[in-house]
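Look at the two complexes coming up: chain A is in both, with chain B in one and chain C in the other.
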Partner chain A sequence: MSGLDHVDNYPEIPVSLAPTSTVLKTGAWRSVRPVLKTRTAPCNAYCPAGISIPEYFDFLTQDRLEDAHSVFMERNPFPRITGRVCPRFCEHGCNLAVATDEEPLSIRSIERWLGDHTAEVPHPNPAEETGKQVAVVGAGPAGMAAAYYLRRSGHKVTVFDRRELAGGILRYGIPEYRLPTEIVDNEVRKLENMGVEFRTRLALGADLKLEDLEAAYAAVFVATGATGQRSTGIAGESLLEPGLAFLEAANRNQVSLPGERCAVIGGGNTAMDVARMLQRMGAKVTVLYRRTLTEMPAIDEEYERAVEDGVEFHWLTLPRRVTKLGAKLLVTVEQMRLGTPDESGRRRPESTGIMREMRFDGVFSATGEKADTTPFPDRLRDAQGWLDLDVDGATKDPLVYAGGDLATGPATVIEAIVAGRNAARAIDAELGFSDRWPAVSPIDTVSPAEVNVTYVPHHDRADDPPAVTADPFAEETTTLTAADVLEEIDRCLSCGYCNSCGTCFVFCPDGAILWNNGPRIDHEFCKGCGICVAECPGHVMVLVNEREVSHA
Partner chain B sequence: MRWVVPEAEHMAEGTLGCQGCGGALSMRLVLKELGQDAVAVLPACCWSIIDGPWPVHALDIPVLHTAFETAAVVATGVKAAKTVQGKDTTVVAWAGDGGTFDIGLQALSGAAERNEDILFICYDNEAYMNTGIQRSSSTPTGTWTTTTPDQRPEARPKKDIMGIIAAHRIPYAATATAAYPEDLERKVQNAVAIKGGMRFLHLLSVCPPGWKMEADQAIEVMRRAVRSKVFPLYEVRNGRDYTITHWPDDLPLEDYFSLQGRFKPLLGNDEMLELVRGNVEERWQTLLARHEASHPASVGSN
Partner chain C sequence: MPERLLLTGNHAAAYGAMLARSEVISAYPITPQTMIVELLSELTASGRLDAKFITVESEHSAMAACVGASAAGARAYTATSGQGLALMHEMLHWAVGARLPIVLTNVSRAMAPGWSIWSDQSDILSQRDVGWMMLFAESVQEAQDFIIWMYRVAEQVFLPGMVGMDAFILSHTAEPLIVHDQEAVDEYLPPFEPLYDLDPAQPRAYGGLVNRDHYFELRYKIYENMERAGQLLIDAGEEFGDVLGHKYTPLEGFMLDDAEYVLVSAGAMTSNVRQAVRDLREKGIKAGLLRVIAFRPFPVKQIRRILGGRKKVAVLDRNMSAGHSGIFAEEVRSALHGQSDAPPIYGYVVGIGGRDVRVETAHEVMDDLLERDEPEMALFVGVKGLPIGPLRADYEIRPLEPLEVVR
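And then the complex of A and B:
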């Protein structure tokens, strides 16, 4: 060759025109594969009702309020109520709080917002009428929840209650400043609008007999609560005011203060509400409790608010005797000390023999209430007088169920709601319908060790803001704004639920996560590096050994 | 999607990057912002392989494979040709650390000094990975490679390529990593927007086999490099104005090193570890001082 001859036979430049994906099926390199797997979030597992919290949060961020609402209502029909008074079982399980030093998601406040913003949304139309009639006795949260799910199933529902108005403790016990009566009224009205019939001033035992209800209705659910006054064992008991009766009268504005210095005996929710109510009415209140703060059964938040209101607490203080001393009451109390744990695991108070005297204008008892099971025949009760029930609340009589505080003793609103729903589910099934209100048990709950907290924005948790009001009986807190709710949800890891955050998509080095409003793993090309699994904030992806998949 | 990262894909599936390849991810993310009116020039490096064998290739844009030392000069030529054609195409030289810090440095310096209208991107995996993990001048002190074995780990500090580039006073240079995709996309945007002169991006890019680590920790390791100040994220305009774009926290250096088997010799050698700690801190203080000088009122948090 000479000169520039070679330029003529210069080889053509090799050009590639087809993409690698046409021939290089890199999925074959893989020994493990990521798969999307919906799993239970711990908040959901800790909520007695099993509310699918990350799922409805996701709907809220997508501005799909109706979908968020209906996901919620599948498990709890009263978000406005539990959104105010629930002890936030869910938040105690929040992975964010365990995996970081951040505070748990403010789930209850978001629930309250959801409830308030759907307050005027009517309940869905009931399913096709079944022609079956179900009686519910007791219009507290247990009875109202049962009525909701039974009515949605298409059964006719009549709710009996001995009071003038429905609501149970929600109306007559929990004070207005925590749960406005207007909210309870609205829930009752919405149930009426879906066809639930309320018949009040009729008491089981006195006006209604269980046998008659059994004969007249296809099924009966009894949820008459636990509001019976328990003897305090204090000498001079008749000088004490029963706390629950005081709250009921106070909620109706029908009491006056016995005087400035008041004592409340007990350490449960009733004690906290009585103390706070008295304090708000202008009294100086001292709570006398025989154990210490650690053993006290009241909801933590209620104790904290009582302290904020100015209530004083005397621990390890057990009243022994109350006597009249002119216009005053003289209370003789014994100093206690903590001993060994009892059946509940709490340390028992023990006598020291050291006595002292205290003077008050009024003393209120709130040492716990008990269920009244006397309207039930003996065959349905055990030796202690408790109802003999299975998990869904079934008694030994066919189609007679019981639940709520009646069955458990004083518990919480959400547990009463769960009991009502469980009974409704069981009754619906017994009446011959398919599982319309399925129970859910947690699937492979996401642990705090599995989540990736890298992408959590660091801002303060959003709690219900205090209300600006001079009226001590008006609601003491307000509802978050929509913007606060969205900002709060931003902190959620969405444990076990894909909320289409896009993290897996962004970080896949192989582009093997396809995006169409959410991820789809392209197993033809995924090499199994596991980045998506490691980076997904809520660990919605898991790695599965390829052998298990290919030999399946 | 919550990320401010374009959804459009310009890199096909089926590339030949290893599991968890940071170089592949860097390219995928850069292309999302770059779009299709671009040409890539690749010197010899892992990406010569990752892009696929003839007759297939992975990118939506034309790729020119070229000799190891020539990325910057070939890109300069391609840009000149495009200019003659009246086209405003972005021309990218995409090189490894070898093709940037070592053999590619002369061409790079020449292009930078002439302020050529190209975007030079170095995906830095801190060794010659394609040929089997030999050290480069980007390999940090205390690192194992096949040419700096455990008994004789890399002794010299990583070359300060950003310092060298800044000394050329080009309009825009920045560090970035795929672990902070939004920061990365913003810098690509900035680099594309500042046309007419030389732009340089230095992307720390994990290599799981070469760094002796689990592939699923690929993002985490790059994030820790930033958090521990080993690889600060910043921009330099005109070689003078420094801006830190993500503030590191006080993640201990050991948390970065311990994820990677390549730092085993370092973690076992207290004297060397203290030397490295001193170097990291000294470089950070220098950067901070430059940032402060450029922004008298802003030092703080992200």
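And then the complex of A and C:
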């Protein structure tokens, strides 16, 4: 402090060249300290695949498309597909929607954009060849996902399928207007390009024997889906068209309308697809469902689109008998009422005895599909005929796995993909490569009460825009623009994942947050006031007791 | 039985509030007052003090809570310091206008910026004109006792009062303290009887709109009561001696009888000034000390009597009113105005921002006083690079630029 020995050398006001905190090491005052802690975003927790959504969003905002893509591909190799057909489990957990009255982030639309903009990015080169050969039976979403992860791990993979082309439900079940075949073709081609071999027109049971595959391959993953028609219990069942078979024929352009007035029995996603496909072919479609909208298992989006297409719904309507009446079909339906909840928690339909008759040109059944487990020996099945599997899909036979709809009954594409990945990881580990799969970190979900919605922009959610087309079978929606995607990501709180938004840096009253591409807490000066923790939009910081960290 | 403890000024203040049986305490912690609040919250939480402790987010709210409590008939206490007292300012007026005998301890601290926690009486003296009684404590004992003495007077005139004590020199210094017997304090200080009872069954607005035809009278009564408090302080100080063993007075003299040169001081630095006076007497200089204890009401008549006829008077101020002088000097000068035997008053500004006022400092002042012929409004003691003296006459901080006239 030379010079300050005479009043003449003093400035008018106390000014220092550094904040006083650099002199006073105020960190010593602290009893709690903020710690950056990556936690689980609810979208991530709700996603069956556990995709690190805020992380790939962060890469997208940094214009790092390939990094975003590779984060995504760790969990799901088909963003173009699930970006179109996933029921958006993730969005149901969105903290923004819970903490405000706003719509959740449009996560699936962003995923679709990611998929479309990486469609031509080739899959990574496989790891060093292991010399092991793995058979995958069934080229649907579960089989294709398993093939991707197994091949990526360096195994030779052969995918067998009973049909002439790979894709399974993606190609033959989901209508073109929801998922264009071109996208499925591209995914199959990309798998082929990484070395996956597809062998088609070979059905398990008829052309292939499980025991032969077990003998010839190091491991087998079976994912043949659930395409068998469940009995409806309706008298005159033979007069009904099976819904899934109709969808397959429609996707092959091998079907014509039975007449103008059609009925679809059932309330699941297959029923919605059948009804909408018929409506688009020119029919007037009525869905007959024995419970009400509240109990209906179809996802909301598909129901809403069916209504938009003009499909009519008759609730509490249970067909009892179908008879021929000239060229028409006479359907006798019973009026139902809701009773007590069943084991699924949905209220059970009960008889009223009140009957009425309806006339249609064609009646389609979509009351559920069942898996065909007959190619499996009894030792691999339980008393109910279901496959006896562990969480990864392992059967009682070593290195024989099963998954997807075959194991679960009709479910979603993403759940099939997860089953394929889980089986691939388990097989890879069994083959001696357990160390290359990252440990699964425990779920520690950020709750809506923890986030701070003050600083995210509040604007309407960006959904896939409707396509402008006269063709009823062309894809009905389009993909967001890049600008829309970035604007939508702006709404993301980035729960549990630091996206370097800088809020903590701005609000720290002590300048105790240093910035170098992201925050670093300067513990020499942090007093532990907790303002950064309170202000962090995604609650990526937590306060921990100082005693636990400094005296540990 | 009274207890004899070794306590700091802050803890003594908390004991004072407890012995006075304060019923509502609302305070916001601030260095150097924090220990008062901490001890009171402990005493309240432990049940040793039967009071309601209201935590608040600011000193403004602390005083507002005291105002409410006092209006409801509770004996209310708070403590603050420096910036906290400044933030309280609006509510200090309210306590006066509402005639609420709240007692406050202010641990005097220099005002920011530059930030300082050290001793300086500018904070409390900035509240000179709000209408609170003010006492300046010198010792740990007084930090405790003045609270009790102040309540005794405040509840008779229905005016609030503050007890000033100096940061660290008193607040954080431990001295022996006699903690009085509670029964004796109860005998000295009867329960508070408010002017008005708040009765929810008969709602009224207190402190509402008053027009030009009444306000003046209400203020006049405040002035009258403040005047009356002067004598009451003397009486209650006597009673304190009778009941609790030590007599207090608004002014205190030391070696004044034949003193030709009187040093005037207030607060904790007085102890060092007193020692200097002793030293000066040994050297044969007829020095004396006058300590100002009561600043509001200011003991004008006594000061005129005591200081009349002295050769020179030096007033030591640990504060300054820029544009005038040290505030005690200003007050003493004004008290003596027009008196035929009034001595010349030399104002000395010392110890600003907690700079030490040592025994030696008092000696330097006395040396200067003896040499200096003409009194000065403010003589600055210890500014770096400058001798004791008035402001430099030739010094311009920034010369005025000639105006450029735009046509």
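Basically, the second predicted complex is superposed on the first by the 522 of 552 C-alpha atoms of A that agree within 3 Å, B and C clash if a C-alpha of one lies under 4 Å from a C-alpha of the other, contacts with A are read in each partner's own complex, and residues count from 1 in each chain.
Definition applied: a residue touches a chain if its C-beta (ideal position, glycine included) is under 8 Å from a C-beta of that chain, and two chains touch if they have at least 3 such contacts.
Because the structure is a prediction, the values reported are computed rather than measured.
Novice: According to the stated criteria, A:Ala383 is in contact with first (chain B), second (chain C), both, or neither; which is it?
Specialist: neither
Novice: Between chain B and chain C, point out the one touching more chain A residues.
Specialist: B
Novice: Once chain A of both complexes is superposed, is A:Glu12 in touch with chain B (first), chain C (second), both, or neither?
Specialist: A:Glu12: touches chain C, not chain B.
Novice: Looking at the overlay, what does A:Ala483 touch: chain B (first), chain C (second), both, or neither?
Specialist: Touch partners of A:Ala483: none, neither chain B nor chain C.
Novice: Go through the superposed model and pick first if A:Thr454 touches only chain B, second if only chain C, both, or neither.
Specialist: Touch status of A:Thr454: first partner only.
Novice: Can A:Ser500 be said to touch chain B (first), chain C (second), both, or neither?
Specialist: A:Ser500 sits against chain B, while chain C stays out of touch.
Novice: Scan A:Lys527 for contacts with chain B and chain C and give back first, second, both or neither.
Specialist: A:Lys527 contacts chain B only, not chain C.
Novice: Is there a shared patch on chain A that both chain B and chain C touch, and which residues make it up?
Specialist: On chain A, the overlap between the chain B and chain C contacts is residues 14, 20.
Novice: Across the complex, what residues on chain C touch chain A?
Specialist: Touching chain A: residues 113-115, 383-386, 397 of chain C.
Novice: Of all residues in chain A, which touch chain B in the complex?
Specialist: 14-26, 29, 454, 500-503, 505-512, 515, 522, 524-525, 527-531, 533-535
Novice: Provide the residue numbers of chain A that touch chain C in the complex, in ascending order.
Specialist: 4-10, 12-14, 20
Novice: Can you tell me which positions in chain B touch chain A when the two form their complex?
Specialist: 1-3, 5, 7, 9, 11-22, 24-25, 28-29, 51-52, 54-58, 178, 181, 208, 214-220, 223
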